[in-house]
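Listed after this line are the structures, all set down as structure tokens.
Each of the next two complexes has subunit A plus one other chain: subunit B in the first, subunit C in the second.
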Partner chain A sequence: MYPINQIRESLMTTQHHSTNALRSIKHQFGDYLGLMIALLLMIGLFSYLSQYFLSLDTFTTIANEIPAVAVTAVGMTFILIIGGIDLSVGSVMALASAVAGIAMLQWHWSLLPAVGLAMLTGLLTGLVNGAISVGWRLPSFIVTLGMLEVARGGAYIATDSKTQYIGGAIDWLSAPVAGQLSPSFFIAIAIVIIAQIVLVKTVFGRYMVGIGTNEEAIRLAGVDPRPVKIAVFAITGLLAGLAGIMQASRLEAADPNAGIGAELVVIAAVVIGGTSLMGGRGSVANTFLGVLLISVLEAGLAQIGASEPTKRIITGCVIIVAVVLDMYRERRRNRRSH
Partner chain B sequence: MNTRRFALKTMAAMTTFGLFAGSHAFADAAHPKVALVMKSLANEFFQTMQDGAKAYQKQHSKNFDLISNGIKDETDTAAQIKIVQQMMVEKVDAIVIAPADSKALVPVLKEATAKGIIVVNIDNKLDADALKEKGISVPFVGPNNRTGAKLVGDYLAKTLKAGDKVAILEGVSTTLNAQQRTAGFKDAMAAVKANVTNVQSGEWEMDKANTIASAMLRETPDLKAILAGNDNMALGAVAAIKTAGKTGKVKVVGYDNISAIQPMLKDGRVLATADQYGAQQAVFGIETALKAVKAKTPQNQLPAVVETKVKLVTK
Partner chain C sequence: MTSSALFHASGIGKHYAGPVLQHIDLTLHAGEVLALTGENGAGKSTLSKIIAGLVDPSSGVMLLDGKDYRPENRKSAEQQGVRMVLQELGLIPTLTVAENLLLDRLPHRGGFIRKHELLALAFDQMKTIGLGHIDPDTPVSQLGIGHQQMVEIARNLVGNCKVLILDEPSAMLTDREVEHLFEQIGKLKARGVGIIYISHRLDELTKIADRVTVLRDGHLIETLPMASTSQDEIVRLMVGKDVQESLDRPRRPVDGVALTLNRLSRGQSVRDVSLTLHKGEILGVAGLVGSGRTELLRLIFGADRSDQGDIHLTDKVLPARHSPADAVKAGIGLVTEDRKAQGLLLSQSIRVNATIANLGDVSIRSWLQTAKEMNIVNRMRDLLGIRSQSIEQTTGELSGGNQQKVVFARWIHRNCDILLLDEPTRGVDIGARADIYQEMDNMAASGKALLMVSSDLRELMTVCDRIAVMSAGKLVTILERGQWSQQSLLEAAFSEYSSVQVTEDVSH
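Then we have the complex of A and B:
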């Protein structure tokens, strides 16, 4: 009885959201507002501390630096929403860029097939993550931890542990096209928008939230959650592969050590954006704001020449404060809706 | 018949066993086991070093055995300490180590010397004070990073004039290598009175260095040069300069002479780098260790420093 009530309730709330659009927008706006204010405060602070921070250059550079983290964070948001986690994204980024590098340098492939192969590699790692964790009902934490090692090892083998200099052939993704912005940036924005629409407007999105809220209820409602979960992992792998290409394009090289620890940066950005580590709640748009927040912080701290320990302490504090604030926000919202 | 066959079998078994045991005992005396403990084998520099050592061992396989180990990333000190402990369990005769941290490895290396294992230090020099405090001496076989960095810095300095602004991308700041290279760069810059406006760590890595270099370029619009503590960071700086539209206006120098830096040297995006003969460093370390094992020289009577050469590479 209990699960059926749950699913009915969750279906009702989604309906409720779409019918009571005004209220939903108000909530959403409230969410954005907090992060926006934090972002503006940070920009204000760095502008005060550094003579050159408040400039077009700063923002275009940041815009061109974020695509890799942003698209990975989109996948991570989906995974956290279904109540999973993917620790392998950083390694998968490196593996994908290594594969692209090898395809172009040693097999003399042209750019597009090489990029295709790299993204396919990402997709495959995601499929494996999803299939294993769903098939054997294992926690995705441990399965993707395994993949973190496997993909990193693969990247070392592919590159012979050497940085592969690819050169101009791969730089079109990061070469400025409009204003000083790169194709990578526009692709990342497009992916964020599409993913947000998928999350809030499609059945797939509703299933994801449902799985994260109460998987058993979804099953009792006659929906098999397994394909959805596997698909989410595969999408994340694919996006991590794309991120690897974006990074390789920006650096014009495939670095076997690329993306070490990137999973933590990505998870931090997603959580700052208010996505719950417990599943069932999240927003891609907010994740993007989280990515901006972390990137502005990183760029600003480097620009004022903060020392390494200071950088780490401040970044860590920002993450904790963001999560604490999010908890209060969530409590308030729950009170309002009950 | 049966008894005879049994006796024969027993004898055969005993002979085989005896031979085996004998050869093992023989191995201990004239066939020392040397452990090479590296930093991140993901880094091309250490990979090359290990390859050199392995090639050397193949040529001299009659003289010694080599066990080679590395850690996952350059800052994983704890993992490296574990490897040293495992090598002690393996009862190796000598340990040649490129320490992930110049201080943190000292206590475990003291344990090793206490067990009569010869310890030779390569690549990243162990901290002198830490060694003194533990009362051990470990010979350092390797290049002088400060002199090497000054060599690169001096070459860059020829294109600079007094007051020019430059920035330094340092490696992992806790390592002596990173500190020495930064010091060498600063020596060279001080000699031409160039102004080092900014020193930040790129943690030896390309992407990190790219972000930092981008920020440096924004913060100091009239920056004339970036001195990177290794070539990976130099690659990151080159990409940042390109993004900022300043290719050709900001000079870059690196260190290590990895293969990916070659096209950069050719077209001038990187002005110079230094070659420390990575492949030979481990070999020099192994040679020093073998000599000591053979001559039964006690650890504390080994020379403090065996310096190897550093070459300036500009093409």
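Then we have the complex of A and C:
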């Protein structure tokens, strides 16, 4: 090749790189932008509809309510990215809080080891989910559906089917510390940030996305996908266990009925955040925005006095609209880059 | 044979990116078997799919019974009496034989299936093809693959069938079943059905066909009466002229053994394959589609498990049931045949795809070093000439050639000692093809060992130092540069398919 051509080409490539960096920033920002706007619109709408909505109280209430859903949604994002699903998280939350309850009430453990045991329980359920679905190549939908029943049954046995009052010993997680905000909230934020970094900045995160995109291609690139997948399920179990503790702390009790249907709320939040159910695409940061969106919607609807059935209908519609919009955005992006 | 033409095609052509078929004139008489043969990619499948309405021709006209025949789709072709038995079975495995046979016209009353009628109809249809002993109430999945094939054929033998196209019907049949099939073909001929029979197995054609049409590179070379045509002549027609200019390039120097296969086997697809691959050479693997070439590469790479045999590398033996991860660790890379399904992460960027096999190199304690990664991938992009907006472009948007270059980049980044290549230039345009050959040449020059499967004999003859030929799962010969010709390669590729039957004929 002639040197002049080489120079021209290298010039062209550097130009490409810089415009590209700009574009990627825009892309990244664009990813958050849609959800941000939706969130602000929603806040605006509810502020218009109810004079009490736009207040510090509303937002601290939301902030203290979301940690359990937020940390579980972090795990669920990972699971959806690798192309799986975990339906057992709600039950695992209950089981973990029940285990913590027994440890503190019957065995008189102090808080920290009890919390440790509860999280270990969550981790174990996740490991079992992962090992079975990976080992026998079963759809995680079915395996975790089984675990949903098993863990719920376990929670009933552990609590003797009654809400076990634990009391003040466990409430420090949800007691306000800074302003009106609880430690749970800060823990959840920290987990969201760490998980997003793990997803984008680590080899593990890269493998997760790769597995969700094309597991066979990953295998034929010489990467064993199985340990990664099992680890993702284990992490989700662990986070669901933590969420169970957060919830128990708010209630000051281990409730065997805690977290019923939580898996659906969590999946809804993750999907609203733009993570694909088909795997290979997702963002923890967007999931967090999805969690916020759902909480603001719930709080707002409560504030304007919507009845429970109305709330559910509207929430359902918002989920569907969000996914439809996301699909259009994805399509437009694909077309644009062609 | 009647004199009137049942089916006539003239000037049929088909263009995709380039011409696949050109100026095909074909006549089929009622009650004759016309064999269609040719090398891989000669255009047999495309031509038959055009006739069966699965593919639209770019040019040309077709006549059926003297009337204009222009099927819009498979269904409309079938309504006019033209049916094709595809290589991939179209049966629904969970349904019964009877349900499959009569799927589009299940006898029913008010939506409820009349089972007795269904079974009776199906039994009649099965009996006509000599499968009266099979209970039509059996789920298809419980039948052997040969019987499934026969059911598929039976499904197409409905009343109005005038033209029946059989695409490699015997590929999965045992000799007994083939005989059965031939009996049925005989009966169909007597009924006046015109049959187009596509097959690689030349001795089969001698038995069954009245005339043979040879295709090569999308051209119809010649149509000859089968009785007066020898197998050698057919092979010669399939090959055409030998390309000479590629033969005088010297053999690459080799430097020690990189890989030795010792009696590697897997079922019927790979049988007792032993070979030695040297550092610095490109060893080609020729053979017909289904001869076990892809399967051989997958066995070496650990993508499938072998039944027996072992794989020696320069300084170690691969464990018996090794995984792709073991293979990559041992310095082996695989460029898969189907890069979209098995090679690339299509929705991910060039950067992600290029480094996925060696993330250790672009990370420190499992933290990705994105700047280093971008640097490396940008360099590889320039080196390989990957045409793209940037390395952040998703690979799904690239052309076939550029996608393949990304796969190459992945294994260059991994710096593997042995690279297995399965049809590395399939769907790759000519420009990118040259770049890929150049890169393969560079790799060989730097002491890598390359094992390359290709259906394009001319490509193998140009690029390779030696060519191993597989036939029906066996490695039948390895030819050295200078010893081979297209003729000798093709003969070797066909050898096991005819000798199987020859030896069995002898033993009878």
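Everything that follows uses one rule, which is that the second predicted complex is superposed on the first by the 317 of 338 C-alpha atoms of A that agree within 3 Å, B and C clash if a C-alpha of one lies under 4 Å from a C-alpha of the other, contacts with A are read in each partner's own complex, and residues count from 1 in each chain.
Quick note on the criterion: a residue touches a chain if its C-beta (ideal position, glycine included) is under 8 Å from a C-beta of that chain, and two chains touch if they have at least 3 such contacts.
Computed from a predicted structure; not experimentally measured.
Trainee: Should subunit B and subunit C be called a clash or a fit once both complexes are overlaid on subunit A?
Mentor: fit
Trainee: Have a look at where A:Gly244 lands relative to subunit B and subunit C in the superposition and call it first, second, both or neither.
Mentor: In the superposition, A:Gly244 contacts neither subunit B nor subunit C.
Trainee: In the superposed arrangement, which partner chain does A:Gly210 touch: subunit B (first), subunit C (second), both, or neither?
Mentor: Touch status of A:Gly210: second partner only.
Trainee: Output check: A:Gly130 vs subunit B and subunit C. Expected answer is one of first, second, both, neither. What do you get?
Mentor: neither
Trainee: With both complexes superposed on chain A, which partner does A:Ala258 reach: first (subunit B), second (subunit C), both or neither?
Mentor: Once the two structures are laid over each other on A, A:Ala258 reaches subunit B alone.
Trainee: Touch test for A:Pro183: subunit B only (first), subunit C only (second), both, or neither?
Mentor: Neither partner.
Trainee: Mind working out whether A:Gly274 is in touch with subunit B, subunit C, both or neither, as first, second, both or neither?
Mentor: Neither subunit B nor subunit C is touched by A:Gly274.
Trainee: Once the structures are superposed on A, label A:Arg219 by its partner contacts, choosing first (subunit B), second (subunit C), both or neither.
Mentor: Only subunit C; A:Arg219 stays clear of subunit B.
Trainee: Contacts for A:Gly282 in the overlay, against subunit B (first) and subunit C (second): which applies, first, second, both or neither?
Mentor: So A:Gly282 meets neither subunit B nor subunit C here.
Trainee: Of the two partner chains, subunit B (first) and subunit C (second), which one does A:Tyr156 touch, if any: first, second, both, or neither?
Mentor: Only subunit B is touched by A:Tyr156; subunit C is not.
Trainee: Measuring by CA atoms in the overlay, how small does the subunit B-subunit C distance get, in Å?
Mentor: In this superposition, no C-alpha atom of subunit B lies closer than 28 Å to one of subunit C.
Trainee: With the touch criterion stated at the top, can you tell me which subunit A residues are shared between the subunit B interface and the subunit C interface?
Mentor: none
Trainee: Considering only the defined contacts, which subunit B positions touch subunit A in the complex?
Mentor: 40-44, 47, 72-73, 173, 198, 200-201, 205-207, 210-212, 214-216, 218-219, 221, 231-232, 235-236, 239, 242-244, 258-264
Trainee: Quick one: in the complex, what on subunit A touches subunit C?
Mentor: Per the touch definition, subunit A meets subunit C at residues 9-10, 13, 16-17, 20, 23-24, 201-207, 209-210, 213-214, 216-224, 280-281, 337-338.
Trainee: What part of subunit C is in contact with subunit A in the complex they form?
Mentor: 301, 303, 323-325, 327-329, 333-334, 336, 341-348, 352, 356-357, 359-360, 363, 366-368, 370, 378, 381-382, 389-390, 392-394, 397, 410, 414
Trainee: Which residues of subunit A touch subunit B once you look at their complex with the stated criterion?
Mentor: Subunit A reaches subunit B through residues 50-53, 55, 57-58, 61, 64-65, 152, 156, 160-165, 167, 174, 247, 250-253, 255-260, 298-299, 302-305, 308.
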